[in-house]
Structures are given as C-alpha cells and as structure tokens.
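What follows is a pair of complexes built around chain A, which joins chain B in one and chain C in the other.
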Partner chain A sequence: MNLTRIAEIFTGKARPGVSGTDYSQRTKRLVAVFFVVLLVMGLLQAFTPGPFRHFFVDFVLTQSLILGIAASSLIFLSAYGGMISLAQVLMYGMCGFVVGNSVTTLGSKGLKLGLNPWVGVVIGVVVTTFVGFVLGVISSRSSGLYYLMITLSFGVIGTYFFGQVTQLSGFGGVNQVRPPGYIGEPDSATNPERMFYTTLVVAVIVYLLLRYVSRTPFGLTLQGVRDDPVRMNSLGYNVAMHRVWAFTLSAFVASLAGVLYVWEWRSISPTTINLFGIIDLLVIAVIGGILMLEGAWLGAFVFVALENYVRDVLLLNNWIGEDRFRTLVGAVVLVLVLACPDGLVGLRRIRFAIPMSIVGGVVWGTAGGVVIGSGGAISGIIVGAVAGIGFAGLLNLVKEFDWANSMAGSLGKYRLKVSAPRTD
Partner chain B sequence: MKLFGKKTVWLKVLTASLVMSLVAAACAAQTETADQALQIANSANSAAAAAQAAADAAAAEARSVQAGAAEMQAAIDVAQAAAILAQSTAEDNEAAVAEAQADLDAANSALADATVAAEKAQMEASAATEEAAAAQERAQAAEMEAEEAAQRAEDAEARAAEAERTAAGTQEIKLAILSDCEGAFGAFHEQDIAGVATAFAEYAGATITNRSKPTDGFTGASVAGVPINLVGIGCADDTAEAAIRETRNLMENLGADIMIGPLSGDESIAVANYAKDHLNQTFINGTAGAQDTTLTVRAPNFFRFNGDGAQWNAGLGDIAKNTLGWETAAVIGDDYSFAWTSMAGFIAEFCAAGGDVISRVFPPLNETNYSGFVEQLPDPDEVDGYFWAVGGAGLIPALKAFEDAKGPVDGSQHIGNLFWGTPGQFEQLGGRVDGAYVGGFGIAGDLKTANANRHMEIITRHFDEIPFGGNPAPASDAHGSGFFLNYHNAAWGLIQALEAVNGDLSNNHEKLRIELSQVVLDGAFGEIRLDENRQAIQDQFVQRIYTDDEGNLAIRTVAFIPAVDQTFGGTFDGDPTPSRDYPACEERDIDWIGNARTVVDGIIQ
Partner chain C sequence: MTDVKLDEGAREPSGRPGLTGRASSHYRRIRTMGWRQLVPRLLLAAVLIFIAVWILFVTEVSSAQAAINEPGRFLRSILDSITNASLYFIVASGFTLIFGLMRTVQMAHGSMFLLAGYIALTFQRERLDINQGISPEQVSASNWLLPLIFAVLIVSGLGLVIQQVFLRWNAGQDLRQAIITIAISIIMADQMTANFGGVAKDITWPREIHGFIETENFRYATHRFFIIGVALGVGGLLWLLLNKTRTGMVIRAGVDDTPMVQALGINVHKVFAVSFALGSALAALGGVIGGSHASLAPSVDAEWLLHSLVVVIIGGLGSLRGAAAGSLLYGLAKSFAPAYLPASLTNYSIIATFAVLAIVLALRPYGMFGRAE
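Up next, the complex of A and B:
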C-alpha cells in the first residue's frame, strides 16, 4: 500500500523503476512472449474451431490490441513525459471520424466523400497528428493536475463537437466505413484473421517505435523534462517544445488506433469518445500499469475480456449482468490500485502477488471453464488473478502494519492534542 | 498482396474441400442406408431358409411317423403270425405249423426290415429336427440382426436428416434479443423482453421461466418441429457503440441466427448497417423508430414490423393546426435520429396544413439539465404551441425545466410524442398535461375490438407482472405500451415466417427472408404489412390525455388514420433523412389532413 505512489502516479510525478530495480529487460522478454502467444492464437483460430472461436480472436483480441495502441500513447506520455493526457481518446476518435467521413459512400450521416480507403487513412493520420500538435501547443505549459484537466476538456469538447456538428457525424455517428479491400468483407468467411494480423503488426510496430523513441536523445531529454523541468530549462532545453512534440507523437500513435478502430467496427459515433470512453482508456492504462508501455496491451486485454465475458464470471454471474460491467471493472481497478499501484506490469514488486494471482486465476478459471465454458474460463482467470493480487495486498498490509504501535501512536497524538495544545 | 492472393486460393481450396467432404458425408449416409437394406434383405433370405429347413424337418418327421406306422403294422403282422402259429401248434397241424412258422419267419424278417427302416427314418427325422432347430436359431439370430440393422438404418437415416438440416442450419434456431437495460430507455427493458416472450409462449409453445420477471427468458419454444433457443438478451444503452458491441457478442460469440432488436434510433441505424455486412443472419427491429434504418440503409436482412417516428405522429399536425388552431409552433426534441424522425412527422404535417414552425431546439440525448435548452424556446405568449420529442429518462426533467423557465404547463398548448402516452411514463407527467394530445405508437390501449381484447388476454395469460424501471407493475399495464407491442409483433412476425418455411434457414435464410417480407400481421391494433424496404405500413392513432372520474390521468384514443406508410404520404424518400433542419417547413399535400376518422369511446367512427 503506497498512497504516496498513487498520488505521484496521478500527478505525473512518478517514474518507472523508482525502487531501483530495472525490470524492463525481463518485461521486454515477457512482451515478446505475449505477442508470440497472440500470433499462435491467431493461427489456431484460422485453422481450428472450438476454443479459439472467431469471436475471441476477431473481436476480443483485436479490440484489445487496438485499445492497447491507444493506451500505449497515453502511457508513453505519462511514463516518459510525466503528462497524463485524457485527450488520447479524442485523438483516436477524431482519426476515426476523419477516415469515416473520407471513405464512406453510403450511410446517412457524414460528408460521404467516398475516397480510397488508403487516402482516407493518410488524411486521418495527418489531420489528427496536426490537431495533436495544436492541442500540444495549447497544453504544453501546464502540468500535473492542470494538464489532466485541460486534456480532459479537449476530450469533452471533441465529443460534443462531433455530436453537434451533424454535417460530420451527429450523435448517431458515421456508419458503413469500408476498410481497404485486403481486409475483406466481414461476411465472407475466407479471411476473418486479416484484421487481427493487421492490428497485431501495427501494435508491434507501435511498441518498437515508442521504445526506440524513448532511447533517442529526444526521449532521454523528455525524461529529463519529466523529472525536473526547471533544471532542463536552465540547461538550455526547450521544455515546452519537447512536450509539444511528445504530444504530437502520441497523437500520431493514437490516430493509428483510430484507423484500426473504424476498420474493425465499420462505424464510429461520439459515444465512443465520450467521458466514459475517456475514463475507460485511463482505466486500461491503470490496470496495465501507467508507467510501462507494456502495460497498455495487458490492461486492454483485461478490460475488453471483462467487458465481453462479464456475464460468464462464475459465482458472480447471478447478480452481475452486462449492466454491472462498470461495477466489476471498478472493483478490479480498486483492488489493483490499492494492492499494486504500478498495475499488472509492476506485479513482481509486490510480495506473494504473482503466485497468488496464478493460484487464483487457475482455480477460478478452471472452475469457470468447467461450469460455464470458454467465456467462464477467460473471465474466471482474470477475476481469480485479481482476487489473488488483492489477497496478496491484504497479506502485505497485515504483515507491514504495526497495529499496536500505530494504534498507540494515534491515541497518543490525540491525547497530546487535547491535553497540551501548542502554544508557540 | 500476392501472398494474400495465394492465400485466398488456398482458402478457396479449403472451403471447396470442406464442401466436398460435406457432400461425401451425405453420400456416405446414403450408402450406409443402402448397406443396411442389403443386410435386411440378407436376413430376410436367411429367415426364408430357416422356414424351408423347418418345412423339411416337418416332412422328415412325417416320413418317420409313416415309417413308425409301417413298423407297427409289421409288428402286428408278426404278432398275428405268432398267434396263428401258436394256434396251429395247439391244433397240432404239422403242415399248418410249418406254414405258420414260415409266415412267422417272414413276418419277423419283415418286422426286422421295418424296424431298420423305422430306425433309419427316426434318425433322419431327428437329424432334420436338429437341422430345423439350428435353422430356427439362425433365423432368430438373423431376425435380431435384421432388427439391429433396421435400427442402425433408422439411426443412419436420422443422422442423414440431421446432416441435411445442419447443412441447412436448422437443427435448432438460435434467437437473441437486443434491448436497452441502461440509458434513457433502460426502464422499458422488461416490457421489451416480455413482448418477445409472450409471442413465443402464445405461438411457439414456449414456457415462461418467471411470470413476474420477463428477462429470465423462456424455454421449450419450437416452430415446425425445430426448437428455438434463446441464447442471449443483449443490454445496450441507446448508443450505437454499445448496440454494436452487444450485437457482435450475441451474433458472433453466442452464435445467434436471428436477432430481435434493437430498441432505439441510432442503435437501429448501426445494427441495420451491421446487418448489411452479415447477410447470413436475420435481424428484426425491436421498437426503434429512426427513418434512416429502413428508408436509407435498406439492409436486405433487416425487417421492421413497426412504424417509424414520423409514421407514429400521423394526424398530430392536422389536429394542432385545425383542431387546436395553432398558427405557429416550437419543437424541442432529443438530438438524435429517432427524435428527428418523430419531429419530422409533426413538422411535415403541421406545415402541410398551413402552420409555421418558428423554433427548433435539440438537447442531446441523456441530457440531465435542460434549462439552457428550454430557454431557447419562445415564451408561451410568443408561440401558439409546443411539440415535445424528448423521450425516456429526459422527459420529466425537461418539463420541469420548462415550468421553471416559462411558468406552468397548459395541457392544450403542448403536444407530446409517444413518450407522453407510454405506461410507466405518462403517469409521472402529473395533472399539468391534462388535455394534451399525444402522438401515436401504432397503439390504442382503449380500442374496443376483438383483436385488442385478445392482445390483453395474451399478456395476462403469460405474465402476472411486467416490471417498469425496476419496480413491479401489473402485466395488464403493458397493454398500452408500444414497447411491448412492437417487440411482440417482431417476434410474432418471425414465428409466422418460420412456420411458413418449416424452420428452414438454408442458403443464408433465403426462404425466411422472402417469407418475412410477405408476412401480414392481424395485429392487436390493425393490420401490419411490409413495404419493399421491409418497413411496416401501419394504422396510426392519435391520443389525448385526460383526467378520469377518479382523478387519475388516463389516455383516450381520439383519431384514426389507416395504413400510414413510411414516405408519409409522399413526403420522404430517404435522402436527405430527417435531421435538425430537415424537413423544411413548407406546404405539401398529405392526403389524410382533414380526413382522419374520429374515435369515440374506443370505437372508430
């Protein structure tokens, strides 16, 4: 339990590996394994029926990768720039709207320009990156809580902009967005995995790109700006400009997520990027770990899987329906933030957390799989693992908390206050 | 690209081989049946052989009996000869003795011969009997085998039939329902599901799981011998995104063949677009009323057995202009496709009748503070009347905001769309709306016709309670609810079409689609048939709120316009679709203006 650390994280003051242990090498390997597992799953799905049903890969995993890309842009800013941006959802949504308006020919709303899908992608990415640059300039001189607020207002303004400007979308959104031909039509059974592979490739590229950038002189300077902007300024670096470029880069990454989002959903509406959407992306980042790029995809998977299999959680399915999804996700976030503020990627630093989460996941997942089926297994693994982490956190709390002394201490303080008020 | 091109070929080969293996399986099933028949024939042959053997055995037995008789005759002869010999000996007649002796010898040798013959016959007979028994056994075995073979043949036939059905996708029909359990219309969730459940209970033999909680679903439904399983109830929140997410879960994860839903305008546009991309599944609208859904999107596998928002408001503009005498009106409605459609119906007709719309205000759906929007409306002395298309959870806050800003609501200066007349909702409006006219929902709860009475019977037969917004409410309340009615009609139309095609979903539901577009519902409140865009042509009713003798708010049907179509008397063609500034206020010709039939005490005049 580290409340200071939670505060640090949300005001952008925390940085990765503060405890001195550099766990990024190991995490890198884990991420490689994670992506390979996804690749294998995709292959299994393409050639087998059964547990690797199209829905799991086509929707749950694909959607996880897309949201992971969006979350990685948020985590990049927070981990290397100390800026927690709530405008990332607007960035990917905006790209989605631009692509949608550019390429649709049918449907009832939007500009219906009917351009080539690839031209639409270029326009979407360029427009979004440019808007990212402008918003970055506007927000570059604020930090901490104020940065959070200003980017939140960008996000909300964006929602209402696309909701109110019915020429571009309206609240019903843009429909019938066609992806490029190679991804194919959703009803032709010949190529359900192409969207998944496309997303996987983009996710890997984004991950490598952001890792690479964080090691360039620009990335290192950015980390300097995160740790001590005043000193960096006095050393001659343009602090504001570094923040602007970091924000622009994150807007570019988010725009890729936006392109993939409209390809996958074939529609986009302002409700995708409303306050709930903004909070969802933050929740994804917090679940995965807001200080490590790798956490983005982990958090996204947990979020999307819970969202889709919430009705299959064993023991909870009688009173948790899909309308209680946010209750469950809220509980998960609460447990993780209290037991493990660094999110799932920081699990290694919490005593008992990994074995407990494995035990919890295996037990709940197996039981869920036997009783309910694949949905029960997936949701059981997640809920069980989180329960295990929570239990580990509780154990640590009990172990570390010096009950007798703290009780005596607070009583003593109380007595001190009452009997001997300070006179100086 | 080349790689992908190759892969396509590859997958085509895979698909082709799949298809071929399916065909081979079907052939194998046929061959198996032939084999079984051969076996049956064989066993029949062996049974015949056994019968032959039995016959042979019987013949041998007969022969042995004959031989036995001959032996007995010989023995008698011997005995006679012996007797004669004894007599002759007694008479001491030497010659006679010698003759008798010779006779006796001859008789004895004849007896010996006969005995040998009899023994031989006996042996033959027993051998034949044994053979017969063995043959009998063989016959029995063959018979059993034949029975088994027949059983196997039956099984094989059943398998073949099932394989055929599987190929056609109709060994069971998976049904999903999509409704809103959250958002502005979350309160109507139970009414929606109850509508579908009663239809399946009434027309497809389903058993309702819980007579006070429709969302517990139903079991045991079947049409033309094909079971229909409810695989899931989707829970959306009136946003397009949630509707698509839930639809994908229902159709792709739970594998539903047919979905009934969604509830709300923007959702239905998104789902109809989704339907267009998934032609191997069928979608039947729940109660969504956006015009674009069918007039613009026109998905070939999306059907709507209810009117759209404009159709439902037929007759209102006429009443506002010619009965209430409004010259000017202000409209306020949610900023989304259904409310635009709803307002379009009022505006088109009011302006066609010669009225003028001087103000249009659009608060976003799910707004909670309406004061800023109500301020944009003209004051009550600047305009003759207001038309409200604010729906669901927003209606009461919006009216309260109006009262705060503009003073008390005078019922005769306001017209509401369907939400003012929906059970569960209109009771909350309070006495201030006494006398207000209300747009239709294809429904007239007080209509006194055989069909309307039957509708009430169906509801109360299958449910005791249909909760509203989490609170218990008597099932009979749903009689006046268009949410219930439209979901009910959607399910009923589906059942009729499934019956007509014997549950055959083969070839991407081709037969079902043809049949669905031809369904004619003899509905509770008038006949419903579909136009070429698979959109209902429906009778419409205008209603009015009044205070009954006990001082409670009640709804009375006042006008009837038969068979309103989606073009609204030729006003709309799907491009452009209703939006904030469409349709413009201009004079048009709408043929039912001035021709609406009045309804008095639930009887159409």
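Up next, the complex of A and C:
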C-alpha cells in the first residue's frame, strides 16, 4: 500500500463502487490503516508509564482484541458460510469454563483439577472444538434465519446449563483462574503488556488463518454453499458437512478467545455468556460489518471504547446516566443498522466519516479536557470520534433512505413517484 | 434457500397425511425408506420406550419416584407440563404468526412479554393503591382483567409502531430486521430495569381464580387450569381466525406467497400490521398471565425468548399446529426432566431441552410441522 493511496482514501477521492470486490478493496485498506494506528498506539502505550497506560493497554486494547477474535469467528461464518451463528459466545464461554475447571485449585466452585495451565488450554480448546462439531452437526441442515434461531437457543441453553450445574460452575462462576507463568507470575498487574502482546499475536494468527481458509478450496466451496446450496449439492458437494466443518473451525477460533478471556479476567461466570453477552458479540459484528473479517476488531474496539469511555464523558453522562450504557448501545445499533446495514466498513459516506470523527474528537476532547481534565480529554476524543462516525452514518441514512416514498408507502395507496435509482 | 437432500425423496415436506389415508401412506413410507431414514427412527423409538419404561417403573433414585408407585406425582408432572405448554403456546403462537407471515424474527418478543407484565403490575397496584404483598383476597376480577386489557392494548400498539416505523420499509431483509428488533430489545430491557428495578415482582391473581383443587392425596392450584383454558381459547380463536375469516385467508395466502397476494390487489401491509399487533398482543397476554403465574424480573425476557424460539424450532416456524405440538413437547421435557432424572443429576435437567431440540432437528430440520423454504 503506498502513501498516495492512503491519502486518496482519507480524502475520499478514491470512491470506487461499493459493491463486490471494489468495496472490500477500499475498506480493507482503510481498516488496515486503522489497525496500524491502533497497534502503534498500543506499542507506545506499553512503553509509556502514565495514568492511562495500564487502562488503555490492559483494558481497552486487550479486550477489543479478545472480543475481536470471538467476533471474527462469527463474521467468518456469516461472511463465507451464510450462517449467522449466535452460539459463538457459548463456544468461548465453554472454553473459558473448561480451562477454569481444569486449572483452578482454590475458589468456591468447579472441579478444581489444578492442572498445568497449558494442559488446561489444550483440554479447553479440544473440548470446545468437539462440542462445536456436535452443535454444527445438529444445526447443519438449516441456514440463514433458522441457523440464527437454533444457535441462539443453543447459546441461551448453555447459559442455563452453566448456571444450574453447580459441579462445573453455578451462577457465581469459576474464580481465581491461573494464567501460565509468562503472563500470570509474579503478578499481571505489573506487566499487562505481556497479555496484550499474547492477545495481539493470537489475533494476527487468527486473522491470517481465517483469511487463508477462505481462499482454500474448502473456503471457496463454502462460499458456493452460502450462495446456492442446491446447486452445490447437485454438483456433488456435501453441503451439510461444509457447514459442519466451518462451524467447527469457528468454534476453535472462539475457544482461543475463551482462553484469552479467562487469562485476562481470571474468572468466568454464566453472566458472561447470557443473552446480553450473545447480543453484545452480535452487536460488535454488526458495528464492524458482518460481511468482512476485519470488521470484527473494528467493531470490538468501538464497542469496548464506548463501554469504557462513555461513562465519564461530558454531556452524555447527564442525560443517559452512568448505568444506562445498554440503552446507548441499543440506540447506536439501531441507528447503525438503519443507516448503514453493512456496518462501519460499509459506510458509504466515508468522505464525511473521517473528518467528522476528527472534528468530533477534537471538539469533544477539548471540551472534556477544559472541564474535567486530561481524563475527560481522552474520553472526549474517543467518544467524539465515534460520534463523528455516527453522524456520518446519519448522513448516510438521509442519503440512502428514500424517506418520502417510505412515508407515503405507509399511507398505502398514496405513493409518490419513485426517484431515480443510485448509479454508484 | 432450500437444503435439498437428493437421497431423501421419501420425506413429505408438509407433514400432511397423503390422500390414501395416514396408515397406508405410513406403511408405504416405511417400505420405501432406506436404512439412512430407518435407523434414526428406530433409535428414536428406542429412546422413547426407554423414557416411558424409566418413568413408569424404574426410577427409584429420582425425586418423583416411579410413576407406578407415585401416581399422584406423575399426574402432577403431566398437569405441570400442560400448564407450562399452555403458556408457551400463547407466547410462541404470536412469535410464529409474525415469523410465518413476515419472515421477521421478533427478537423483542420476550421484551414485549416482560413489558406487558410490568404494565399490568403497575396498573394493578395503582388501582388497589397497595405497593407490596397484595393477597388474592384483595383482588377482584376487574382488578386483574382491566390491567390485562390495558397491557395488551399498549403492547400491541407498541408492536404496531415498531413494525410501521422500523420494520415495514425493510421487508425482505431478514437479518436487518432481526438486528433491528435486537436493538429494540436491548433498549427495552435496559429501560425496564431502570424503571421497574431488578427485584422480582409478581402480579396477583384475582380471588375468583386463586385457590386449590384438592382430593385426599392430591392438591393443585386452580389458576393453572385457568391458564390451560386460556390457551385452549387462544388456540381455538386463532384457528377460527386463520381458517374461517377473510383476514385469516389473506394471512395464510401471505405466508405462502406474499408477492402474489399483493399482485391480486390486497393491501398486504395492512395484513402485516394486523398480524404484528396480534403477535405482540399474544406476547402481552402471555406476559400478564406469566407474571401472575411466576414472577417478573430483568432476565425473564431472555427466558421467554428462549421458550418461544425452542417451541417454534421444534414445532416448525409459521405453523399454528407446530406451535401447539412444540409447546406440548417442550413442556413435557421441561417438567419431566427435573422430576424424573436421578436426584443427583437434577441440575442437569436443561440438557433435556437441548436433547429434544437436537432430536427433532436431526429428524426434521425445519421442525415437526415446518416446511422447507
């Protein structure tokens, strides 16, 4: 990628059509830029002592990478297999529970096997992948919305399972999970960047793996299955088995996220994987863009940033309140899915989105900095940038959505003249 | 999108009996069946026989004992499952109606259920001017029925608004609609927690319904029979609506082929609106009854979304018969599993739900009465 190209992307001069490969060409590069920026920020933060260092690395970046891995397994299934799976949260939660049960020695609940952390990881990943295979077999003959509903019920059943089975977890969950020595000892609070680097490496590997798989014969067949299962069946491909293997692979990826999750949090409980957790992951995928792998980490970062910074942001706090974060999330998703159903990576008014987010960040950050101090500034910059993107999304909505006809359509027969279709 | 298996031509997609009558077509089906279809069916039969024998004779270690020794406990389990199934049916029939006609997965269905419960609860407490610990003796029939009607009206109105404002212009975009309703359910759940708190509350039954039916060794709450009655009424009315009225005819036609109905000059959007309001009203009815039967708390919406999902997945999406059969099967699994599993395994009873789901999906991917797309 050369610099001219980046500049073109930023200034919005490069505006090829948004359908098909062109769309991913442009946005992929934009997302790549985003990741480079994020990575540099992370690396700088890791070496800079300061009040925000730990929080940003330990919390925001690491958590976005972990959730991004989980979301990428969801997006992989939906983008290449046409299967919207809501069981991914169950998969990563299950891996977390298995690891927790294998390695803990203390704590109130669980089997407390006290195994070596690495053995726990192997057991967790193997068990989860196997369960993923079984669930994949059960749901393999459906697709689309049916798949969504079946996997959603798996996910919710899983929540109740871990809640009720006190031998494994119970509603309190498994606590005091030991990460392996490199990360866990002597104390992770002193070097959270190790966790960050580990997560980063895993995320990169997962991204490359899923990208690679999507280009193998298996991945191409999977895309055929997504587009036309009947035809693929007639051509002699085993449609159901392709879905099963895709789901198994995604369960494997989700299990990696689960391992990282318990290392990061040192505990896991059924509330992690309840309906809200399931919806959160879907929200992340939708924010990022459910049809492109890169969207997973983008969505995760936006989500985690909102979750952590919106609380101490000027203005918002007054009318949303500290505890009403979920209402905000719901509103963001609602606006986003109405305005640009392809998520942030599918934002058409990218020309507005970048300047808007810069302006939003600067204005809100300055305001926050003046009133609250440096903490307010950082939160303001992040939330302002997100708000700027959201504003661009609203413009997208105005541009995309034929309000007049829709409103007239609601009145039944009084339909206005249909406007000319967009050409780009 | 059809998932056609070329080697499974013997399967009837609709599950309707053939022209030659059920018995002979069944016989022919068995004869034409290859081992790939026969083996799972034999396995299923074996499982069912095992469960029946287990419940009737064997289970000494379960909390309910073998049915042959404790017939009262067995009867109670049967009644419990029918009560639960009734409530599942009321709620899930709304879900399946909305899905069948509009292909909209109403993910806010559980939120509608919970909201209706909270509205009725608030209204009942306002009318009685008591804030806590209302006993059924203080509640007259009107103090239960008026909140019910009020909640049903408000929630069906809300459903109508959601459908008109958010879903109508996205017709055909399944996933987008599902995500829209998810966003709505997030907002509703959060706002309900903010306004009604996190403590479990319940609506009080009126004194006319509250009470027990007792014989010498058996005691059962009257309101459970009331729930069964309401479900039968709802099922009957829905059947009449769908099969004997013009609106129902249009709805059924819309389920089969919406563009064709539209082309015939029928205002499909009006039918969509009516169905969405009706579906929400059924969720609301279920919510008020469920809030009186059990309780209302922040996670109840997720629970009822799960119930609706499982029922329609088992029964087949968009089918009223499927909703009835699915809720019955699910209700049986839900109340027999904790009672008849060995006592040490009682907390694994959620597995039964999963097992039912897995078995039905293995045999019929689109549910018992569902049709492939």
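Just so it is clear, the second predicted complex is superposed on the first by the 304 of 424 C-alpha atoms of A that agree within 3 Å, B and C clash if a C-alpha of one lies under 4 Å from a C-alpha of the other, contacts with A are read in each partner's own complex, and residues count from 1 in each chain.
By definition in this document, contacts are C-beta pairs under 8 Å (C-beta built on N, C-alpha and C of every residue); 3 or more make two chains touch, one makes a residue touch a chain.
These figures come from a predicted structure and were not determined experimentally.
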| query | Is the arrangement of chain B and chain C around the shared chain A a clash or a fit after superposition? | reply | clash
| Which of the two partners, first being chain B and second being chain C, lies in contact with A:Tyr146: first, second, both, or neither? | second
| said: For A:Gly173, using the defined touch cut-off, is the partner it touches chain B, chain C, both, or neither? Pick first, second, both or neither. | reply: first
| message | For A:Arg231 in the superposed arrangement: first (chain B), second (chain C), both or neither? | response | neither
| Residues of chain A touched, compared between chain B and chain C (which is higher) | C
| task | Would you sort A:Phe161 into first (chain B), second (chain C), both or neither based on which partner it touches? | result | second
| What residues on chain A does chain C touch that chain B touches too? | 160, 164, 166, 323
| Footprint of chain A on chain C - complex, ascending | 1-6, 103, 105, 164, 166, 168-169, 173-176, 178-180, 182-187, 189-191, 194, 267, 269-270, 299, 302, 305-306, 309-310, 312-313, 317, 347-351, 353-354, 357-358, 361-362, 365-366, 373
| field | Residues of chain A that touch chain B when the two form their complex | value | 53-56, 58-59, 106-108, 160, 163-164, 166, 170-173, 175-176, 182, 185-187, 189-191, 194, 265-267, 269, 271-272, 307-308, 321-323, 375
| Which bits of chain A are touching chain C when the two form their complex? | 84, 138-139, 141-146, 148-150, 152-154, 156-157, 160-161, 164-167, 229-230, 233-234, 239-240, 274-276, 279, 282-283, 286, 290, 323-324, 326-327, 329-331, 333-334, 337-338, 341, 401, 406, 409-410, 412
| field | Of all residues in chain B, those that touch chain A in their complex | value | 1, 4, 7-8, 11-12, 15, 181-182, 186, 234-235, 239-242, 244-246, 248-249, 252-253, 265-266, 269-270, 273-274, 276-280, 290, 292, 296-297, 335-337, 364-365, 577, 579-580
